[in-house]
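Two complexes, one shared chain (chain A), two partners (chain B, chain C).
This part shows the complex of A and B:
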């Protein structure tokens, strides 16, 4: 099998997911709505805290809580579709390398997650950060964390969701497996986001130190997920 | 049946060594003292807490090892071995947690502290529990084995992180070995610790082998039942 045919297969699977999403808009709307609802819950959570504290202190934690749960929703949906419509069986029957399936699903999930993240972050700022101090460091640093952490989330999530879609309590099972495995990544993502949002002397160094964690996690876990995918898909 | 003999010997020896370590802890190993001269009695739990914690890491390694073996060979026995290794891990993890929490209450004045070692170990506990939750929620036998193996390998990645994190980050959890000038033990303390540690590992081995034997007998029983039923 040549390099170019793998690449074509990759594009074909990814295009399938994109076309389906563009027609139904199911993933992005459900994930986006979920993020929005989480923010309503945050309003309740912060209601009694008043205006005297700096929301930026809790903001990194809040957005990552929203994103991690939102991503589980999306991951689960992305494989429920594959299974309900028998698509995954057809994919496994066709002469496509298993790693290609992994990378295509991974890319699709990453893309949807990033779209919703980049849409919901301004909404969060609009709802909670108006009239308050701005970000301490350039805003593109936040984009770097979003991208870095989403790679790990989608990589590990693609593997786990492939498994949990065949278990009894699909989405519950996904969260039981997913959240503890995500811990190191989330911790680093929150640390990096905090450094980017608060700013001040030395925070850029802290930011990149946390990003090294994120990168390390991404490399190790995505490679592990890639290596294990072949065994897990289509047992 | 040589293996079973060895397991029984290990069980006996491990029992003797851990009991001996218990007496050595209280009657031989010198007590540490605080800077103000008070005796640090809580430190005695070190001779139990650390051996079970090290045992939990080591046994969990076998979960990952047998999971990899299973994925390579697809032999059912490796799945059983990985599962039993995880069971023994869970046993040691819970003991570590229980003893650790008692110690932090005395030494840090809180039952729980979100500190790097405690946090990563808590995550490890959740992963070990999740392993069994996953197994219980898959009905198909082959799927269950493959999924559990994949998850076991991923989950094990947390074990070295939890082990080394006190050396990487600022942690208030004590580092006894190789942690700078104040670390290290006096010979009687070290010997007590080694006796406890070796005993605990022997017990771990024995638990694992005896559980495995039980499981094998169960499987044979099931097979015989099916044969008789036909």
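This part shows the complex of A and C:
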């Protein structure tokens, strides 16, 4: 398998996933709707908190709870097309190195997740920060943490979605495996988002310290997922 | 194309066993199939026919034993082997939300074909689906899906074609097209077909294999088969139940 043919296969799988998603809009719609509904529920839950309550104190946690559960919904759907009509067999029957499949599915999941996250953020800000104090640090710091954490979510999620796609009760199985593995990333992402949102002296340094944590998690988990993928699909 | 298929023993299976937990779906299966042969595999439901084809097509690893197809080991040389084999299943193995042309172009890219568009067009004409090439596969009838599935399996000009109950649910016109395509490419390919239809399987085959409880009950050259005796053996194995 030459490098160029692997690149061609990577592009083919990614393009196929993009075309199918653009046609069906299953993943982005279900994730987007989930994110929107979660925000509405948050707004109701915080309705009686009063004007003196600084919503920014809980905003990072609320954002990441919504995004973690939203990503599980999307990841569960990401292999539905492959399972449908046995397409996964045709894909595995082609002379493609299994890590190429992993990276292509990972890239697709990352892209869909980022699209929904970046569309959700302005809605979140509108619902919770309207008429209140805004972000304490430049908003691009929030974009950095969204991207960094989404890499880890997509990497681990792609591996787990492949593992659980043929299991009974795959939705529950994915959640049971996904949430504990996400704990370190979630902790760091909430910390970094908090530092970006609150602002003030020393928060930028705190932000980058948490981002190092996120980056370390991404590297370790994506490499582990890459290494395990052949084993996971090669029963 | 077909160089390996014409050499002796395109398929070599030695002591092949595949277990799922404690249950052995394949139990010490051995046989050789010469190049250019057409093997029909018969057996009751759960006998191990599909597991055998999945191992030979690299979709499942054996628990023990070895299998070589076109001279390539199904475990250690799986990537090389995948260039030489094709699979037509009762499942179409096609993406429902892509068009016929998009499906074939995707698999053409996966196999690294030099001129994917020309090959795809040629095959769509062969399976009489050129006029529906821009339609999403979800709108296709069962017969059309199977014809497109045949085109997908033939894209990379495989030496060995595996057919897992390919006639299942086909209308007479689709059966005619599938028969025609098999007849057209038969000289250049080795075929391994799972069938529940004794008449069809025996009509097409050069070799026949009956499998039950994961074991080979009978493996014979078609010329040596006494059809009545073969039917009796088959009926007896169907009664033995699943593995």
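Just so it is clear, the second predicted complex is superposed on the first by the 233 of 235 C-alpha atoms of A that agree within 3 Å, B and C clash if a C-alpha of one lies under 4 Å from a C-alpha of the other, contacts with A are read in each partner's own complex, and residues count from 1 in each chain.
Criterion: a residue touches a chain if its C-beta (ideal position, glycine included) is under 8 Å from a C-beta of that chain, and two chains touch if they have at least 3 such contacts.
In this text the structure is predicted, and so the values were computed from the model without any measurement.
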Which of chain B and chain C A:54 touches, first, second, both or neither: neither
A:173 touches, of chain B and chain C: first, second, both or neither? first
Contacts of A:89 with chain B and chain C, given as first, second, both or neither: second
Which superposed partner A:205 touches (first chain B, second chain C, both, neither): neither
Which of chain B and chain C A:184 touches, first, second, both or neither: first
Shared chain A surface residues [contacts with chain B and with chain C]: 235
Chain B residues touching chain A - in the complex, by the definition given at the top: 71, 119-120, 123, 126-127, 130, 133-134, 137-140, 142-143, 146-147, 149-151, 153-155, 157-158, 161
Residues of chain C that touch chain A when the two form their complex: 57-61, 79-80, 82-83, 85, 87, 89, 91-98, 102, 106-107, 109-112, 136, 152
Interface residues, chain A side, partner chain C - complex: 1, 5, 8-9, 11-13, 15-16, 19-20, 23-24, 81, 84-87, 89-97, 234-235
Contacting residues of chain A [partner chain B, same complex]: 156, 159-160, 163, 166-169, 173, 176-177, 179-181, 183-184, 220-221, 224-225, 228, 231-232, 235
